[in-house]
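Look at the two complexes coming up: subunit A is in both, with subunit B in one and subunit C in the other.
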Partner chain A sequence: MSTTATAELAVQTERRDTPRTPILRAVLLRQETWLLAVVVVIAVIASVRNPNFMNPDNLVEILRGSVIYFIMGCGAALLVIGGGLDFSVGAIFTISALVGTSLISQGVPIVVGILAALAVGALAGVVNHLIVTYWHVPPIIATLGTFFIALGLSALITGGNDVVPLPADFMKLGQGSVLFVPNVIWYGLIVGALFYLVLERTRFGINVRAVGGNRQAAVGNGLRVVRIDLVLYVLAGVTAAIAGMIYSARVGAGQVEAGGSSVTLVVVTGVLIGGVSLLGGLGSITGVAVGAVLLSVIDNALIVAQIPPQYNNVVVGAILVGAVAVDHLRRKQLYKPR
Partner chain B sequence: MSPLSQTSPALELRAVRKSFGPVNALSHVDFAAYPGEVHAIVGDNGAGKSTMIKIVTGIHKGDGGTILVNGQEMDLRHDASQSQDRGIAVVYQDLALVECLDISTNMALGNLPYRWGVFLDRKRMDAEAAAALKDLNARVGDVRTPVGLLSGGQRQVVAIARAVRMNKPIILLDEPTAALGVQESAYVGRTLDRLRADGKAVICISHDLEFVFKHSDRITVLRLGRTVGTRTTADVSRDEIISLITGAAPADTLQEAS
Partner chain C sequence: MSARLDPATAALLAEINQQPPSLALDSTPDELRAGFSELLRHLHPDTPSPFIGSVRADVVGSAQGGVPVRVYDPVGATGEDVVVYLHGGGWVLGGLDSAEPAASGLATAMGVRVISVDYRLSPEHPHPAAYDDALAVTRAVAATKPRWLGVAGDSAGGNLAAAVGLAAADRQVHVDAQLLFYPALDPSMRAPSHAEFADGFLLTGEAMAYYWDAYRGPSRSAGASFAPLDAPSVAGSPATVLATAGHDPLRDEGARFAERLADSGVPTVHLRSPSLVHGWVDQMDRVPEAAAAFRRAVGVFDGLRRDHLTAVEGSTSARKREDHVRN
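On to the complex of A and B.
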């Protein structure tokens, strides 16, 4: 085939059409940057009102508070990036923790109890997937349904009573620390690192972005989208179960009232604030981490600064709306109509 | 070389049918594409061209008839990955590109290179994409550019390069020039010429008759879900093809009878 220089021009892009974004601009464009700025502003205000805010113990407390949301957020974020949504995570958190702690309190080995809790989370994910994929119920409705079912079952299983007491060995898992860092924070780091690797460095992670970014294209390229969906719903359920068990170990009880709608809403909010797009394809684990820390900072700062808790919801709501608006702007930058 | 002198078609459809509920999208489609030919499929809107391609690639499931790949029957209810395994690469009309992923990822999608079992081999992916684009004389900029930032013509080039890179013996293209300007169309035409020279069976759906006459060896005309005739491009006039498309000329009786 002979080609001429002029013909090549037809498909050649001039370099300036698609420049590599300069580093400063790239940093400014990232959602994390702006979230960190918000965190700093809140921290400054809080420490002016109460110098104890910057106390190392308080900072560790903030991180510890964010871990539950972060771990659940990892699973939820992957699912949202893959084009799904899970509103049932707050209830999966509750039911799997209750099943796990009940077993442990009855003398079942701790490891088995934890595995049972994870199995409940995974099963809930499978159920969500079946309803969404085979009954064609939109994810938001399907998982809202399983949310109520799981919450109702939790109350039925326990008769409305918290599971206490729990063995000291189990509680140590949530209360101890290694190398001066609380165990809970280690769990967050480990889960976060795993999800980061999966999303950014594995074929599965790329396929998840492809499915969420353009499902039809993913199907056309031979991706097994139904199987990917299944794994995503299971991961969302399993991370909720992990968070539920960590929380139970930390507070020393399987609580019927823990979890539920507030946890679901906070997790989904954290994921969206962290820059994961509800439209699929875009998002990062680091964003989810900053989102979770931000929520925890707001929680803590308002208490420490003695601002009435009602303001918490106002601030979170405003940040959520702002973050999603910014996401829309990013999309406009990334996709131009062809 | 006359394609008809070859004994076995690379891709053959016999009496393929498909309906969507009460709508009869395809009632009887046959054609045979041979290695080393560019086989154009033409027809008016609604003639069933895109439905036909989607049945071959497994997006839709056929209701009846036979699809043969190198003489071997393919299940009508196969999925998209099976058609890849059988040696078919496709350039969809909507291109099937994921806007939020970059060029090299899109080009490897469905077949991402890896190390140690699960980890993405980013370097190899970028290198292969750059090599494939260079091989086609296509310069679309940095392979790390998200596809969402490319123009329509650039996206078409990426989609074609992806299909070519798979190096499958059969390539289907659905309206590859629909969104393109004159120079870009010429580029696509040269790419088809080259694929033919490489001995591929190239099936190209198009309603751009100028393009079809310039680059195809044979033309199959579909009308209202039926194959109404196949002609050798060199022996047929534009008017005859147009009258087959519009129904002004009767369909070939051979196909009507079966």
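On to the complex of A and C.
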């Protein structure tokens, strides 16, 4: 397929940046704009109830609360944009971290342990891809299945025990701060920047949008969709593994009970709230970042504003439904004949 | 989403709930203390203590005339490494007897001297009395220049240990490591776990509010020695092992403190026991998972001690080598 054809396909899929779109309209059409508005509204309400909400420590706390989900969300979002879905990320997080930390705790060099964890994440991605592509199992079911398998294997590997102790040099990777910003937030920024560049500035990113936006057209135009799918599932697995290892270094233990269904749900919810369309083709890393931050802001604001935490799920659910409805309208706008 | 409640814990809770309430908050403090002792007798069947060594009572000097302590020296302990243990009980309940299983368990598992502190209780002696006693004992031990000094405590004792840790960060005393079992750190009680586990998991939200009020006293105490999570900075705190329980109102404040310590560059290990409830150190005889969690946490704490000693020995032999080369 020629570069021109690929670009045309991508433009057909995602027309938000066409020069014909007035800037204000383009801004208003972006999911991030609306999400930021929601963040600002919540922040204002929380600040009125408690001025401490806006103090720098609390803002760092909010970012810290979102960063693990954001890192996982980057890989998961790219996959959803490409038309896939991964419900197993919460379990990949657990199993890869347990394999990595088990090796490290047994004296294997830290770098090797980290690479082994990433390899487990990649392998899980390959397995997901094989099940979806060659067994024709819908992604939601395939990855739900691997979710349970990975979680069960995690418990088997460790006998249900957390992996401790871990060497201080490994823990240092997840603990401490640079320029008053916790290390873990820097990791989020690095992963986010890499995924932003891949999605927005590479041919692979254009192809991902093309495959997710119109799979048949992508195949017709000669894109190697199976290979793209494979890379996307692997990336989702690897980012889950990265998050798992960062988390383990942060808490100083490989935790059997970390990850799991709650992590999967938060990651997928953040990705969807962030404007990544389940129908594929649409979405951005900045949207995922705002989605993850929004979830953390809701958590934090309810605590700081002394609103009972039971409201948390109600608010998150309402925002999720609202965000997907807005996404639908946005899609209609984008595809409206002019 | 919470993990499932440990089956042995669930059975224990059901058993306790069938008994008449022994900790009615409208009772006098002494009645509450009697009820707490009764509960602990229930939790510790007549299993013989695995502790082998000497136990003696002592009084450690302080400005207020001395703090009673109980010193556990397991067989083989040299007394060079010491853990100061601060019992739980909401600053209102408990004492040397209630701390016996945890203190002797620590001594046995680590093979080091453990000094259990009989600090003054609230509401008769509100903050800072208990903190002052904890700090006084730690200072007195630190003055003997042990090779390694750790502080440890559960629940309210975890609060006191963390507060002593912050005093160490402030260079008021030298402490090498701290072990905090489900510490009480945030009197605002705003974290989500407070709403999630307000009732039915042994420690109730109502009881915790009572304990904070009793400890706060009429002077409306505040500050980091009262509420360690409010400390403007936790940097410089001793290396930390913080163990929380999944079904505990205090779960989230413990987790938040661990995050703050980690971000401040304090070597921190946060161990979660998702299936356990508050007070699991007292449930070790009845709940195998609680005993396993205790062994894990103490194992990591002991690892910090060993690492410290290795580092000290390393630098000492390096210094000797340098001296040798120089001479």
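Keep in mind that, in the parts below, the second predicted complex is superposed on the first by the 316 of 338 C-alpha atoms of A that agree within 3 Å, B and C clash if a C-alpha of one lies under 4 Å from a C-alpha of the other, contacts with A are read in each partner's own complex, and residues count from 1 in each chain.
One rule holds in what follows: a residue touches a chain if its C-beta (ideal position, glycine included) is under 8 Å from a C-beta of that chain, and two chains touch if they have at least 3 such contacts.
Predicted, not measured: the structure shown is a model, and the values here were computed from it.
Engineer: Which holds for A:332: it touches subunit B only (first), subunit C only (second), both, or neither?
Structural biologist: Once the two structures are laid over each other on A, A:332 reaches no partner at all.
Engineer: So, does A:204 touch the first partner subunit B, the second partner subunit C, both, or neither?
Structural biologist: A:204 sits against subunit B, while subunit C stays out of touch.
Engineer: Touching A:224, do we find subunit B (first), subunit C (second), both, or neither?
Structural biologist: A:224 sits against subunit B, while subunit C stays out of touch.
Engineer: I'd like to know which partner A:182 touches here: subunit B for first, subunit C for second, both or neither.
Structural biologist: Only subunit C; A:182 stays clear of subunit B.
Engineer: Both subunit B and subunit C contact which residues of subunit A?
Structural biologist: In subunit A, no position sits in both the subunit B and subunit C interfaces.
Engineer: Looking at the complex, which residues from subunit B come into contact with subunit A?
Structural biologist: Going through subunit B, the ones touching subunit A are 57, 59, 79-81, 83-84, 90, 92, 94-101, 105, 109-112, 114, 118-120, 137-142, 144-146, 148-155, 157, 179, 181, 183-184, 186-187, 190-191, 193-194, 197.
Engineer: Which part of subunit C faces subunit A closely enough to touch in the complex?
Structural biologist: Residues 1, 3, 190-192, 195-196, 246, 258-259, 262-272, 274, 292, 296, 299-300, 303, 307 of subunit C touch subunit A in their complex.
Engineer: So in the complex, which bits of subunit A are touching subunit B?
Structural biologist: Touch list, subunit A to subunit B: 1, 3, 6-13, 15, 17-18, 20, 201-207, 209-210, 213-214, 216-224, 281-282, 334-336, 338.
Engineer: Can you check the complex and tell me which residues of subunit A touch subunit C?
Structural biologist: 60, 64, 161-162, 164-166, 168, 171-172, 174-177, 182-184, 250-253, 255, 257-258, 260-262, 265, 299, 302-304, 306, 308-310, 312
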